[in-house]
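We just call them A, B, C and D in the order they show up, numbering each chain from 1.
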Amino acid sequence: MIIVNAEVSEIVELGNSIFLIKVHAPKIARESTPGQFCNIKVSESNFPLLRRPFSICEVKGDFVSFMFNVLGEGTRNLAHKKVGDALDILGPLGNGFKFDDDYETAVFVAGGLGAAPFPFLTGKIPEGRKLLSFIGGRSEKDLITYGMKNTLLSTDDGTKGFKGNVVELLEAKKELLDESKIKVFACGPTPMLRAVKEFCLKYGYNCEVSTECAMACGFGICQGCPIQAEDKEGYYLVCKDGPVFNINKVVL
Amino acid sequence: MIIVNAEVSEIVELGNSIFLIKVHAPKIARESTPGQFCNIKVSESNFPLLRRPFSICEVKGDFVSFMFNVLGEGTRNLAHKKVGDALDILGPLGNGFKFDDDYETAVFVAGGLGAAPFPFLTGKIPEGRKLLSFIGGRSEKDLITYGMKNTLLSTDDGTKGFKGNVVELLEAKKELLDESKIKVFACGPTPMLRAVKEFCLKYGYNCEVSTECAMACGFGICQGCPIQAEDKEGYYLVCKDGPVFNINKVVL
Amino acid sequence: MTKKDVENVETTVDLSVKIGSMKLKNPVMLASGTVGYGNEISNLTDLNRIGAVVTKSVSLKPRKGNPPQRIVETASGMLNAIGLANVGVEEFIRTKIPFLRQFDTNIVCNIAASSIDEYVECTRMISPEETIKAFEINISCPNVKEGGLMFGHDLKAVAEITRRVKAVTDKPVIIKLSPNVSDIAAFAKVVSEEGGDAVSAINTLVGTSFNIYTRRPKIFNVTGGLSGPAIKPVALAKVLEIKRKVDIPIIGIGGIMNWQDAAEFMIVGATAFEIGTVNFINPNAGVEISDGLWEYCRKMNIRKISDLTGSYVI
Amino acid sequence: MTKKDVENVETTVDLSVKIGSMKLKNPVMLASGTVGYGNEISNLTDLNRIGAVVTKSVSLKPRKGNPPQRIVETASGMLNAIGLANVGVEEFIRTKIPFLRQFDTNIVCNIAASSIDEYVECTRMISPEETIKAFEINISCPNVKEGGLMFGHDLKAVAEITRRVKAVTDKPVIIKLSPNVSDIAAFAKVVSEEGGDAVSAINTLVGTSFNIYTRRPKIFNVTGGLSGPAIKPVALAKVLEIKRKVDIPIIGIGGIMNWQDAAEFMIVGATAFEIGTVNFINPNAGVEISDGLWEYCRKMNIRKISDLTGSYVI
């Protein structure tokens, strides 16, 4: 966990106001593990005031990438960054996915921008394990397959792939999951994570989800990011205890 | 007085963080007279909140230019504008210089960025009148001669021209002013304007000064910009009654 | 509007609201002290499309206001200490009212005073003017010693002002509350009990700013009133607090920059709202906010915007 | 430092200040609730270079805090309603104090309570801990019913809390005042009269924010506390008001982002200051502010930073 002033080395629009920004940040690159995030200062002034959290999307050598969607002022500022600009990044933060425990097939479930942490995770899955990526979006233009392998797609409006949500797609392709011992890694909007949790509990799959919450600090000092614990009284902090949790630990 | 969304057609650094920005604003160009100003929105967000006032520096056809100094957040934003960007401009505002009354020589006195309104004014001085421009700055690099004619220079540190302030230069070159009926037009920091006023009162010169004041609206609705009146009780508003005043009207 | 919209009468939205007997074509009001007497801003926006215009505070005698510097910008806000510069009641009646008469909007006269008698006297003098449709009593100007702030912090004074001003006019009386108190709802309650038609909340928060090199205050009056987006969360909380405790129409004020902010104020309890600082930045904001609210209501299937008032879900 | 500086002893600046018997190496304090118990932030800044660290409010029993959402950003500010989530006195003594012991800084224990007895009891329990150098009594948390806000608005309660807490500890007692009152100086006066060593001002302003589509509050607790640059002008005015009326050391708090802001607080009357929200954005801000103040003092020829306190020119 450090703060660096990283130089932007690339920024590309993947389409539909989704951007990929790549920065030169050797120390963060070295320390990071998939599922962790960084808290990024998106302006040089006090407006917007707070940093903005983004999953680490990819690490290549000394370079770290983030994938983001232009939603408000903060991400709009980020989208205006140019190659050579400096970006003030605090990270890596939180706990990532456990990708080296006991399973044969890694199943990724991504809803919309939930795809962000998976390119990094995909590259880290140990040799010899199988990969399956279930990717959902509202419409064809919302599907993000960047950096992912063996993709199965769903859209709410049926413009591409399976018509329905990504958990319905999982259910429909359930036979693919029966072949081996699987572990599910999910990231996306909370309602999707809730459905994934239910699905995994039903079939007894091991599952980790990457959660989201409004954040101020991102590293445990403000207590702004509670998530209700399932295995104890009270709350976990998304930024410090998460953002990745096993589904048995949290109420979604 | 209108609000336009004008396209930036040129932005150049004149040196020492002084910039000239040129926008395509036909309606403002048509209505403007030298000494007037525009109130410019320097960010797309609420930060900085208020518009920033700038003198109209030059009008050429459908184009209007402003000269500015990078001081704080607002002018920093402005300096980052690129050709093709839109600029939200309210203007022209206030009352300009009376440049067509009875005089033979127009004497411009500029301190630092006070040079801003003079390129426009220089071009409007009626045919046949003489021009003399006294320009002062702290140091050589602060001297702005852009768009001005027949310049005499002074610097506080003596790095260029006369060593001393610009009013001392005026006094030193007094004989140049004895030749004809003169009118003094001055713009610069308030202490300089005060000295110019004193100088002009001493010799009985007609003189107009362009004043400054913190402003919110720039067009008379906030009452935020008072300047003490000399010829009546109370205050004038710099934005509406000025920014140009005859020295007999205001206490500097 | 598209052709489909025009055909579909269901999409019509009623933006009108009422404050006492005053009917506003839409809930947008221009706040006192931020549009003068309407002259200058009428060049930059269409006042006929605004629900009401509140005049700069008028006092019995003209006031020249504070020396410079009167304003300073702060983070997402500004401090002002204008010092109630105004032309005085007589000049107001003689030159300002005739100008305002031309607009198809409600003119609300805001009154500031340094004694209870002066509030009453001003109201009495202006009340016969047909152009004036309501009074807003400024008991909360923080920027002059006699600006009413001491009244705004005194429940008994507020009660007496409300009662006595109501007694000299048939027009709606709105009391503009100070936010710089522990319990704003108590003040709203007193206004309601004494027959006031509405309260407006909030006036500016007391603030200051110093130059660290000269160690002098940046504004001549030392302290000023903080307005703009910075104060919006505080203003919303004050409106909500009044709404939850007192049954009186509220005019929401504080940091409104766009229709989203305006809708937020209505949801937490405002019947109408005033926009202040934004007029300096975007003089056409009132019209844009009215249009934005219309569109919002249409999309949200709200037929009458008055249904939005206090419709929060807690 | 350049060689010339080192040679010239005249350029040395004394940044130390005192709050009661507590000596701070510099006036920078990290505000309660914005650095937890120091653990996480110590990875990102050098706590040995900070004047004092104020712990997250501790209450007698652990509190799990409010459900999400607890925070929301506003214009140049943020609202929080954490709900005083904390580990409780016992766990605080058992696990937090030992960690804090390692740092060469002053640890100030901030206490929240829902009864006067509880304030006294917490202080009594923690007072023997050598690591704790002073107490800050939070009588002004706006985010839980029993967070003390009702005390913070009640002069008699504040008097009693000050008197009774002082009676159970020899360490300096700082009372953290609520800004949500009409007359903050009256509270400072009571603290001074009852022997309190200092007041800190301000805690957050009550604010709220609603989602205009769901019409629900954005934070679970409905209202929250507003902090950050947005409130700086208000905080400065409160500090100035206290300074002008009451002779008691003041710890200035509210919206400090950099050394310039910190200097402004000292000029209007603060002996020391706390930084809160900025820690979330720049965890090293405290050290940078200390360095900035040193440089400012050197340039301005201020030998002892304590000379800056209340040095305003009005």
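Rule of thumb we're sticking to: contacts are C-beta pairs under 8 Å (C-beta built on N, C-alpha and C of every residue); 3 or more make two chains touch, one makes a residue touch a chain.
This is a predicted model, so every value here is computed, not measured.
Between the chain pairs B-C and A-B, more C-beta pairs are in contact across B-C.
Put simply, the chain farthest from subunit B by mean CA position is A.
Our note on geometry: subunit B versus subunit C, Cα centroid distance of 36 Å, whole angstroms. Look at where the CA atoms of subunit A average out and do the same for subunit C: the two points lie 46 Å apart. Computed centre separation for the pair subunit A/subunit B is 54 angstrom, with centres defined by C-alpha atoms. Looking at subunit B, one finds that residues 46-47 touch two or more other chains. Along subunit C, residues 75-77, 228-229 each make contact with two or more other chains.
Taken in their complex, subunit D has these residues touching subunit C: 74-77, 79, 153, 180-183, 205-210, 212-217, 222-224, 226, 228-234, 236-237, 240, 255, 260, 263-264, 267-268, 296, 300, 311-314. Taken together, the subunit C residues at the contact with subunit B in this complex read 33-36, 39-41, 43-44, 56, 64-73, 75-78, 80, 82, 85, 228-229, 257, 277, 279-284. Within the complex formed with subunit A, the residues of subunit B that make contact are 45-47, 73. Interface residues of subunit B, counted against subunit C in their complex, comprise 1-3, 41, 46-51, 90, 213-228, 233-235, 240.
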